[in-house]
């Protein structure tokens, strides 16, 4: 999945600590709503603290003192959570998972009752209530914190991170994900074009979150927001300075084949009114805690709609994308032999390409000349024929193909940056979004696993004699 | 429940038709996102149209052409819905209810599987999926309409209205309610003070929605937004000019006993800095389709917190409320005899009060003199001793007592308007919100059914000799 | 001049009193900037108070305690001014005029010095300083009041009003006018389209200030802001809720001939995208104190530019205007005999038209039939041939002709309202703004006094046999 | 004057070129208002172009085609101006100065007429008209350009710059200055606190314009906008992203003595609620073209008023200021001998201090020890006794003393930056703004040339034995 790969690794604690400041400042307001007892917990949440915590969770869930007080009490819980270290947070989650999950006994008896009377109109409703664990109510109550929704997104980031080494948080994580899917429904999000007129507090997030082609400085950012560049993002109304996902677009003439040129700060800016092509050259998810909440497809298509309206001369919409799994695939080809794909000289070339520093071979004209047809061919093979399930193995390819794009062009030496050479051996792909074909392409890909592709690309597959 | 009574009856169709205009204007934008086929349906949705409708619903649910196209298709469905009449809408709902509900067969087999292996960690999740009917997905897809959330609120208003005479929409209605409860969680709402500086498009809604003391004109509204008056409302970020619930407050000195004085446009406005008391004299729910989504408690307490901050001299927070069920109760007293409560002369007086025009008796000094102690006593009895379940029978009393208020004062001739005389025989009640007692009061009321009440009020219970 | 006639008579005191509230609330802020001594004056400003006033004016002018303190002191003066009655304000102005005007002695010696050395580059500058009376500095200092610019506009309204019966304020008034002309330069003003989404605090001003066709209610206003109607106004950034001048436009097909139809609330609204003609049917100056500050020409042309952009299908831009001086002219025709213009039967008809209630004659079919050709002919004569100086005598005609419009059409029974019958005997005129001819028309009119006019209108001049 | 010194040298052309882009984008809108003929001029404005230019200027001044057209024509002139080089601009100004100045003949005859009749009430008004040269009308017409006010400010920057080497623009410059003084009256400006939430397009101006202590990076800026730092600026409503003047304040405890500590990005931020002192450590004018428009005094006092309101615990308001003319003074002391001020060993020390690199002597403990009492004493002498006219010779001292501050403290090693050592030999001064004394101090300073000063500072004057 794209979101997984393209999200820059975050350090959730620092994010949470920023949240902490907001919380502190909002604290007085909240606590006026009820006689909140702030919970003092030690960072690693020893057993004695665990007991206190459990009691306060119960009070929240029983809405003791009324709904408003209960929210204030939840704010206290949230505050306490933020001061825990990783060990403490894991124990916090385990407590939730163990004590506030589904009542299995109740579920059993409801299931039994249903089987005795499958026509009963009420039992399914009861069953649903039983299947809704108390922790969901608790998550919801955190929502009333100042910055509560951001708190929950960051809490899920913690869950995901802690789940890498430890178990037991699966059901919890799943329920929080579903809650976030409901609250981050596309219908609630704002699409906004980000310009140099945006608050610095927002723009610094763009710099921080850009995951595909690093933004090196504020000047670099300003260049990416120049008149022949666009940046669009989705925002949640409760997280006004936090882009959820953003895409960067260059307005140019003809398909761009080289991302270095697009990012060159010294190039003059062009009049966007004259551009015929919009190149989507970077798309970044920003919130690790929103993993599994799919927004990229909507973003691309809403941006296309907005661009058409703003720049009526645009005719072509395409990406300029990396091939992140290409090197790994090439290594496999060598290892496993794929004996029928390569002849001996090709094997030799490939070995030379993968050995040494990632871009050394560029300097050797001979290898370089031999590399081009080989890599182009293998890349097309990789994109079209290597699968994960019924979809393309390459995560970026799979993302755009699912959205209804097709593979339009493979670009030799499209990304000479260290990362570009390392992961994709410099190759870049244009995925074309042709509006009239999007639905058809999507159905073909999702339904029959068929990958749409331009004729020139397809012809690269044939081994050059 | 308060919301039921205090919501002015709406004419949902006209509301929807306004939505219709918004939809039309947003239509092009949405339809660019996919090749939407607008569905043309006849208003009463005859059987042949029902078939077409079912097909398009299925396409939506299967996300044919991708998620984005699917949303566009849902927009087409929404557009078609708006052109249906009541009969058509009922048939629309019934189609949903019949064809897109829970798969009972799947539920049965999952229940069976669970009973065979109650330790299985996966089955509950499967069960939940089975219990989530397809219609929920469809509701969610409507959310991406321009004004989609308002569309859903209005659609639920239709459901509630149509459910009065016909059956079969219960489960549908319940699921839509739960969806709205999640989306209108207090954490997503904005509290805003409404002033004369608000857009006319918003203020006309306040005039339209005021349910307790009718706003007679724009001048009347302006008076209610004067410097010694406040109006606060909750807003959803996706419905910016639609207050969801609003409360009107007067800043005065001492408990107000008469609502007519508060509403008198010719009275001079006072400096709110000098006021010591905030009187909540009107609270109105505005969206019939949000019935069951409880916001009043939060509103009152958030407003109290904001008032404390803005006007630090305020010491007392109280309502001036009607007793909407009082006349009905008095009629019962006569009918059923409550023989031990009234002596013969009191019975006679009561008959005189309830016969004739609602305020005739005010002119007869003798009756009037006899009425006062009698009505005051019966009112206290009604509020304290007449129950519905474990709570107070009077809906307004129940609302404020649940919130943690107590009954502070009964006001003779507090509301001489026709409605006030008709429903409450002119009596009004001050419910006092004392911040330090709110939780305690709430627990006593909700836990033990105990109704808190000031000593002077309690003493009215004793029959005056 | 248009502005004179079309400005609704204001009651400046009530306007000032509103300002007073703002002042009071802004007072603390200002007074922190200096140790302001608030001046307490009696309403009619008796001689003893006059002395105190003079002293404080001198302190202001000498910037005692520094510029910031001086502004605070001026705020005190402004506050005191607001509490004066008409007599007091007149005396306030006279004091300014007498004590803080040009130093005539200094002027004389500078003039003498100049004549002795007409090449001196410095003397003109000195002369200008001498010619700049201290009162201008004082006016400028009021500008730092909260709502200071509005204060000055209202102060000038006072000056104009008081100048009607009394003398001595001419120079003062003239200097204040020039100051306002500089500060209300078109370059500082915002053109804004006013919609139903504007604050009520702004919209109530539109209702209050509309001078041509009275706005009867908020519903009437809403109708005039419907999708096929536009209202545009100029705003000063320091008077955000005060439109300075506004114009109302109807988007229709073909030239409108009847204003009653345009204002009919029960008529359905049309899709403005289909309109080919924009009818400017009302233009109102709002600030009496800005008399002589000319904004109407800019407003019309900026609105035309905005309409072209918003509704590209518009082809024709025209007014539907009253003929405010028509009845007065007709009365003169009868009085002075203009013997060669009318035959005897026409004289009789005209007498019948001008006698009795203004619209009685409409009911008499015979008179009515005779009236039409006569009034149409006299109206064209009035517009084309009756002059004030070199321009048209009719103020509305002069305004639009100066702007470069031409007389396109005279409409019989175009305004049946009481005012329309009273002033213009029901006639209305379309002045056409043809973009390509505006400069030429203006030059012809302003340069040679030539009034441009369509052929059909011109042909009406000929006496029908 | 402060403004002169503290304004960072600008490169007006690049500023104008930015304006150029805005102009281009606003061009179509303006040109719809009239049939503008864009003037094509060669950069150095040769004689033949000068003639064309003169004709268009005349058309503007005669308002040919009406006021609106005339403004459009002026826009054309402005556009043409922007494409001129320095030589061309100088010739542009000279043309204005020569052809569109005061009519000397008319002035002479008016002066003569006045002397013949010094009681005539009309002649002064005529004289004023004669004294108002046509170029003022032209300047005013530029105001209707998009960004017109910024255009005029930048045009004045050009005038000032070009006046350094050439003559003949004095009167022109003076009139433009007076126009700007009227339009940038404090009453029209907005005071705004600048936070990290401001648009990057605004914040980059702060970085660019900071004239006292350079802002090194965006991170440095962020630090200066942290919670215990404030930045305030005045804005003109027509130049929304252009601060006119801004001040930076640190909220601390006790008088700050060292600016390096204030600017240290690695220092933790403090809770501003606990601060008792506001230190104004930098104030920068940003617009070279506004030289002579005095805003600093208002800025400081409005900021003090705002700080008092926001942070009620603040008790002391003081600057931490450089002594920019100190080194120059010290050099004079040596040159001219001031023989009675220094003994021989002091002269030696002083020579050592002024020779070599500006901060070398700091490393030599012996010199350093000798330097302290000497420099402190000479600094006090410089501030108190060295005059320019009746005021202090040091521009920063003169600025704050005029505002009513007093000299509170001299800080040894207060600014160890290169610039600080170079200009002030590391000394910094606290000027104290004591609200209750401001008016008194100002009067004493401006009236009697008395410089207020704390006792400890005064005692430094005495030569230490």
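Should a chain be cited, it is by its letter among A, B, C and D, assigned in written order, with residues numbered from 1 in that chain.
By definition in this document, a contact is a pair of C-beta atoms (placed from the backbone, for glycine too) under 8 Å apart; a residue touches a chain by one contact, two chains touch by 3 or more.
Keep in mind that what you see is a predicted model, and the values were worked out from it rather than measured.
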Going by the contact rule set out at the top, which chains touch both subunit B and subunit C?
none
Averaging only over C-alpha atoms, locate the centres of subunit A and subunit C and give their separation in whole Å.
60
Please work out the Cα centroid separation of subunit A and subunit B, and write it as a whole number of Å.
39
Where subunit A and subunit D are represented by their mean Cα positions, the distance between them in whole Å:
49
Tell me, which residues of subunit A touch at least two other chains?
none
Contacting chain pairs - touch in the sense defined above
A-B, A-D, B-C, C-D
Provide the residue numbers of subunit D that touch subunit A in the complex, in ascending order.
196-201, 203-204, 218, 222, 241
Please give the residue numbers of subunit D that touch subunit C in the complex, ascending.
29, 32-35, 64-69, 71, 102, 104, 107-108, 111-112, 114-115, 118, 121, 124-125, 127-128, 131, 140, 143-145, 148-149, 170-171, 174, 182-183, 185-188, 237-238, 294, 297-298, 301-302, 304-305, 308, 402-404, 435-436, 438-440, 442-443, 446
